[in-house]
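Below is the structure I would like to discuss, written out as structure tokens.
By written order: A, B, C and D. Residues from 1 in each chain.
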Amino acid sequence: MMENIPVLSLTILLPLIGALISFLLGKRGHMAKWVALIFSAAAFILSLALAYEFVVDPSSAAAGEIEGYSNGYQYYESHVWIEAIGINYIVGIDGISLPMFVLTTLLCMLSIIFSWDTDRRPKEYFGLMLILEVGVLGVFVSLDYFMFYVFWEIVLIPMYLMIGIWGGPRKDYAAIKFFIYTHVASLAMLIAIMAMYFEASLGTFSMEAIATQSVDFSRGMQVAIFAAMFFGFGVKLPMVPFHTWLPDAHVEAPTAGSVLLAGLLLKMGGYGLIRVAIPSLPSGAEDMVVVMAVIAVASILYGAVLCLAQNDLKKMVAYSSISHMGFVLLGYATLGELGVVAGVFQMFAHGLVTAVLFMMCGVVQHKCGTRLIDNLGGLAKKMPIAAALMTIGFLASLGLPGLVSFAAEFMVFAAVFFKWGLWIFLPIIAVVVTAAYYLWALQRSMFGPMTEKIDLSHVKDVDWYEGLPVAILIVLIAIFGVFPYLIFSRIGPAVEIALRAFGGG
Amino acid sequence: MEIWNVLDEFLPQLLLVLFALIMPALDYFFKDKRVLAFAALAPLVAYALALVSWTIGGYWEPAISEPRIGLLEVNLFSGVFALAFVAVGIIVVLSSPEFIKAERNQGEYYALLLLAITGMTVVALATDLIVLFVGLEVAGIASFALSGFSKREKRSAEAATKYFIVGGFSSALTLFAISLFYGVSGTTEIAAMGPQMDAMFADVDGTHSVAVLATVMLIAGLGFKIAAVPFHMWAPDVYEGAPTPVSGLLAAASKKMGFAALFKIFLLGLVVVKADWDVAIGIIAILTMTVGNLVAVVQTNIKRMLAYSSIAQAGYILMVLPIGTEYAVAGGLFHVLTHAFMKSGAFMVVAALAVRGVGESIDDFKGLGKRSPFLALAMTLFLFSLAGIPPLAGFASKFVLFSSAVDASIAPGGQSWLLWLAVAGVLNSALSLYYYARVVKRMYMEKGSDERIAIPKMTGVAILFALVMTILLGVYFDAVLELCQEAAGSLLQSVP
Amino acid sequence: MIPIEYWLVFSSLLFCIGAYGVLTRKNAIVVLMCIEIMLNSANINLVMFSSYHSVLHGTVDPSGQVFTLFSIAIAAAEVAVGLAILLSVYRRYQTIEVDKINILRW
Amino acid sequence: MLEYAWLIPVFPFVAFLLISLLPKRTLSWEDGAGYAIGGAAGALILSALVIGDVLAGNTMVGDGPKFTWLVVADIEVTFGIWIDQLTAIMLVVVAIVGTLVVIYSGGYMHEEAERRRRYYAEIMLFISVMYGLVISDNYLQMFIFWELVGLCSYLLIGFWYEKPSAASAAKRAFIVTRVGDIMFMAGIIILFKYVGSLDFANLFGDEGVAAVPNDMMILATALIFGGAIGKSAQFPLHEWLPDAMEGPTTVSALIHAATMVKAGVYLTARSYPLLVQAPDTLLFVAVIGGVTALIAATVALVATDIKRVLAYSTISQLGYMTLALGAGGYLVVYADSAGGYSAALFHLMNHAFFKALLFLCAGSVIHAVGTNDMRMMGGLGKKMKITSLTMLVGAIAISGVPPFSGFWSKDEVLAAVYSAGEFNSLFLLLWIMGIATAFMTAFYMFRMWFMTFAGEPRSDYHAHESPKLMTVPLMILAALAMTSGFVLFIGDGFGAFSGDSISELFHGGHHESAADILSHIFGDPLTYVSLVLAVMGILLAYRMYYVPGFDRSVFARGLSGRLQKALENRWYISRFYDDFAVKVVYGFSLVADAFDRYVIDGIVNGFAFLGARSGNVIRRTQTGNVQRYTSLIVVGLCLLLIFMLYIVPWGGW
């Protein structure tokens, strides 16, 4: 069905075209949302088709049977870009990037729907969103370091502008903090990339090619490069103590911005670790295991404890992201197939769940005019659907079995026990704390008597464009909670390849 | 006849000087002063086309005739620099007529502009200290006059005075340094200096110290041109006071001339004493980028901010000297090229706004995104490019530049301290993002006047040219990077 | 023949005097003159080294002397431009004392 | 039939989906009550068929249909169904009580016009996942449903979410049980590591058991029991259950008395093959059970909220079952007898019936009176004949008066504990605690009954008997409470039936005839000890709460006064948790937040500030005086010269 079509490139290109059209709409700014919807939906459909055609376990099929197959990657495309220093345009997708890829197109489309009532500078708003999609998609399929970095950085600008233009009261501070903090991290990664390029001295930036050399780098070199990469990816993740850009960015960002920030941008960090850092630098990863584990556990617990103290719903959700992304890192830190697969799955799960949470925070903000828990209360009476959706979102996020996060968390815990035994009791405490802050927040904002601090007389329930994306996400959360196999089976073989350097995982 | 050989290699410069000389006449004959600009463009475009078709297109090769008299050499290294100078020249000339509309004696302006560019190209071509010094001075004197061109403008006169005093002082330092080098080497030919100095060190006691003294004075003298810390103080004042297109010329071209001289002298003539100066220049590089960026953060005048940003950029390029590999020089050349476009572009946006009566304060940029989407977008891209955000030109060249430091530090037998140059570079890039983003914020995130701004046509063309190049060199820079590598090779292959 | 050290000391002194003048004198014309002194000290060096090398190598080495001619010409041009600039400054500021010319700062 | 057992939860689940998703207009008959009853009944019928199959001797242990949940590396997690005698007992309970409660709800929830729909949806979801929990064939699957029943409990406790106390109680219930849940999770992860599978079939087999090292087995079983502590409200995690009474009474009856809280006991029973490998854990189980039984009973003595009395009673009875399981494990290990095990299950089943009955009666009373406070009631016996009579049946049953069901099972439990004393004398102490509990149980049950139904009304209300929809289930349950004890004598007897599910663990396994059992029970003097104590409890309650003129204020003075105060404050356990949560945990989080804001973020902002500040400082050096600039050139030149002449030759780079 899709032979000889550069599907990946096409999927990346579509939002770019959409963005350009959107910017050039001139006086017809109100059309921007349609343009954005059409192009993002087209990208989503393409990515779905791609996921459908994706061969689940490439190693079981004969290599020749899969169109565009190369060394674990499907839909592989390779073109020379800058010959002088060996930069290539290489894209390909495997089981690790596939869930991220589809998640990206999905969340972008849903965010666009969610933003349907945006009437402030819609051209720019939707255009930037599509640009962001281009960047994120590019990151997830790039197989060339230079390209990877370029896409990685492209993401920053639209997000900076989104926070800065459509943000809340402290947007200036938050936007610039986000921009510079994550940029510093990217630059650390950049230096690591340079070091890998020269140490491998192959004259190419191709990830696969460099990986063949980098696994044999000296231990010291590996640790140094890994540390730089870890910092670069970890800030994005974000890990404690380099997380403080996140709450600020989230609190000020517009809802759709938060959704994409938490749903996709954080995943870039986790994705980078497993795509680049860990498989390419096995000795470095092994030496840094303790650091990774300690930071991961610290993120999980610290993030969770901080959530308890938050008064702003969105800030709470932001801190919960820190906690949940800690599971990703913890999974990776085990360096075993189980943990890594679970970590990747957790990224996917968190992407779905956190999108719901931020959207619901947005709904509360739009309808009530405030997100401060102290000012809320008893909203379930006024907006029952919103309350139900929010409850489901919170439950999903606290790792309720049957919803998508559980499988990931459970497997991460299992992997941790397999590797470190009874240390498991440290991160597992977070499960209780997580339940505590979510339910407490729910109790104070949605339940109880109706608040008198704000005027609730005109508060309506969710609008269709708010409810629909959330409902779609919730259905997916339930589906993948009941059938995690669908994703796990795809991640597994890819992770197996990624962990080859560790002697069979 | 040897003299004809020289003239042959010197043809573009002659053309430039010729046009410079007829400028006053043209000024006298034509009422529409745009004619002057087009006349000034003619030799520049011709030179540019010739350069492009040679360096990138490869359609012809300069005929290098033997025997040589050893004052000038047309090679790819000089070609790249000349390309940068001419490109900036074109951009500046294009945006000048609208900016200096109200001034008298516009013929002089273009004449000086052409002479300045002539001087710069001479520096790029020079293989002998005498010619190099002459080139420096021609460009310098022309730019002193240029920066004072807006005679009714108090700041312009002040800028010229300061530029002139500091510039004269630095010329004296340079000349004295050159005289000392001549003393310890017995030659003024750059490539021959090294071996002769080596022989001298062995023969005569104390000559090494004299060479070090001369090196220091040369660093100071040329450090003035590139505005390296602590020889940079004049730059913000002059860039602020000078007419904006001239500021663009100073930041984007005059500074590069300093690098042309530095690369030649240090990498060709002074490699024998590299151990003496490499750490010092490394420290200066780090200081330069850091101070430039730190002070840029607190500026309120956009031209001043861009001036400090130029200082910082000079720090990046200065890395090349201590690294000294071919790859590093390629990165330096590449950055020279990209910086020429993005910095001159940024200055031209300021110039275009000034033409329409918008002030130079960063606050005057409020709401520019609404008032003039094109100028705002162009400015955004120039600034992000300066900050090194992909996929823009500034990123590509910085990437090569910084990676050369990494390369040199991890290569077997490399000097590991060079890594700190890369680290300082990236940290400074992040720091610089702060003030660039602040301008972007003013343009897009803050409300200003609603009045739309019509873009001055010729300046608009200049900006568009710079913009296209800024994007192109970021997205597809294969040919240019290859050229820079070859150019670097052509410089370093003559190292004895 | 006068030993080379004498010449060096002489030119260095001249250079320092010039530099000192540039740093301390308020009058821009005097500053300009001091710059000329500095340039001339370099010229002395060039001529001196030229003859020194001629003696050392036994061949005539004219490049230093040629250089001096060029630099004298350049210095003249510089003075011309400099005086013009000072003139225009005087028109705007009614002074040529360099420490009064300081609206461009920070 | 057994392979279709997975359909049991599907019925209520479909009902749940229909009720929650159908458009409002389509959904008829009291907002979904019809679908709910249909779903529950469908499950009931299917359960009955399955139970019939099990009674006929068929089981499905580890050989049923499987569904792959996920595959990672060499680990495959599959879900399936597991039907044995233990499952059947739970199915009986869930099916019968579930169906009756749903029917009863039709009357009870009549006035909740707007919310009935949500109620039915949630209750259907609960029944569905409860079935799922019961038929799970591995720990992970069980854990999933385990959490889901917790979720339903959360939702239903918070049914009247606008009441702050309800919202708070719901949250508490979830969080406290979650503490148990993470222990459960940790426990199964430990097993997962050593056995590589979570299927009961693999875990309980000889290979599975042998694969786990002894200390890890103790830890794992103790942790799994930790899950039971949370869910079955055992000490010290029992305080959520009384709070959970904020929910509708039907919910209390179904979830917080008959089914969900039994899940912990069920889990412990299910884990028997592992528990018997770790006698230390068994002892722990028994001690927790005994302590729970006693403590909860003491608090019930003074509770004035009718539902809280029942809640503490539930905790106490659950403690009984746990105690029996602990003792039963000892019997299995040392005496090759499944007596304690089947006693626990027997009590589980009986308790489900009579406690559900009691709760529903209480619901009927509350429905009529509009308050939970027994001090406001009194004299309801005349107005609510059916309710008072059925409740009396329940009270007698729980007090352990023959021939009602409670007597048989309670006696079995105590007998098992006593005989375990032979192997560890601690059990004798536990037996005494059990006996004391039995006495107190009888007392507080009749205290409740007398306060509610006897005497004169103590406040102004217009009580009336509840509608048929409510009283019929009451009567059915009353009948069951009277008779369910007799299953002891049907066929091979309940003991043999339930013992079959762990029959491979013990070797004695002789079956007694009905006459043997009877003579066994009534031939044992200990039976009379508990019987007499129960009767004394009833009489004491009669004296204190029925016969007028008894001055209860004597208890409010001195030591007993302080004791009473402690009891009224629930032994201060709840307050301790509150203080811990608010002062310690929340306080800590506030400190952490301040740390995050001012220290970690402070450092980040500090860098920004430092940058701007130093920028400003450097900027000020630029005075505009050109001679300053040239001076700086000279200074720089000198420094460079010094550096290059003296430092570079010395430095080691």
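Convention: contacts are C-beta pairs under 8 Å (C-beta built on N, C-alpha and C of every residue); 3 or more make two chains touch, one makes a residue touch a chain.
Just so it is clear, the model here is predicted, and its values are computed rather than measured.
Undergrad: If you average the Cα atoms of each chain, whose average lands nearest the overall Cα average?
TA: Of the chains present, the most centrally placed is A.
Undergrad: A-B versus B-C: which has more C-beta pairs touching?
TA: Taking the two pairs in turn, the one with more contacts turns out to be B-C.
Undergrad: Please report how many Å separate the Cα centroid of subunit B from that of subunit C, as a whole number.
TA: Computed from C-alpha means, the inter-chain centre distance equals 25 Å.
Undergrad: Averaged over CA atoms, how far is the centre of subunit A from the centre of subunit C? Could you give it in whole Å?
TA: 65
Undergrad: So how far apart, in whole Å, are subunit A and subunit B when each is placed at the average of its C-alpha atoms?
TA: That pair's centroid distance is 42 Å.
Undergrad: From the C-alpha centre of subunit A to that of subunit D, how far is it in Å?
TA: Whole-Å distance between the two chain centres: 37.
Undergrad: What positions in subunit B touch 2 or more of the other chains?
TA: 161-162, 165, 169, 173, 236-237, 431, 434
Undergrad: Any chance you could list the residues of subunit D touching two or more other chains?
TA: Those would be 619, 622, 624, 626, 630.
Undergrad: In subunit C, what residues contact two or more other chains?
TA: 19, 22, 98, 101-105
Undergrad: If I apply the definition of touch given earlier, which pairs of chains qualify?
TA: A-B, A-D, B-C, B-D, C-D
Undergrad: Please output the residues of subunit D touching subunit B within their complex, sorted ascending.
TA: Answer in residue numbers: 608, 611-612, 614-616, 618-619, 622, 624, 626, 628-630, 632-633, 635-637, 640-641, 643-645, 648, 651, 653.
Undergrad: Can you list the subunit B residues touching subunit A in their complex?
TA: 384, 389-391, 395, 399-400, 402-403, 406-407, 410-411, 422-423, 426-427, 429-431, 433-434, 437-438, 440-441, 444-445, 476-478, 481-482, 485
Undergrad: Which subunit B residues qualify as touching subunit C in the complex?
TA: So the residues of subunit B touching subunit C come out as 129-130, 133-134, 137, 141, 144-145, 148, 151, 154-155, 157-162, 164-165, 168-169, 171-173, 175-176, 178-180, 182-183, 186-188, 236-238, 240-241.
Undergrad: Enumerate the contact residues on subunit A facing subunit D in the complex.
TA: For subunit A paired with subunit D, touching residues are 177, 181, 240-241, 243-245, 302, 305-310, 336-338, 341-342, 378, 380-381, 391, 395, 400-402, 406-407, 410-411, 413-414, 417-418, 424-425, 428-429, 431-433, 435-436, 439-440, 442-443, 446-450, 483-485, 488-489, 492, 496, 505.
Undergrad: Looking at the complex, which residues from subunit A come into contact with subunit B?
TA: 81-85, 124, 146, 149-150, 153-154, 156-157, 160-161, 164-165, 171-172, 175-176, 179-180, 183-184, 187-188, 190-191, 194-195, 197-199, 221
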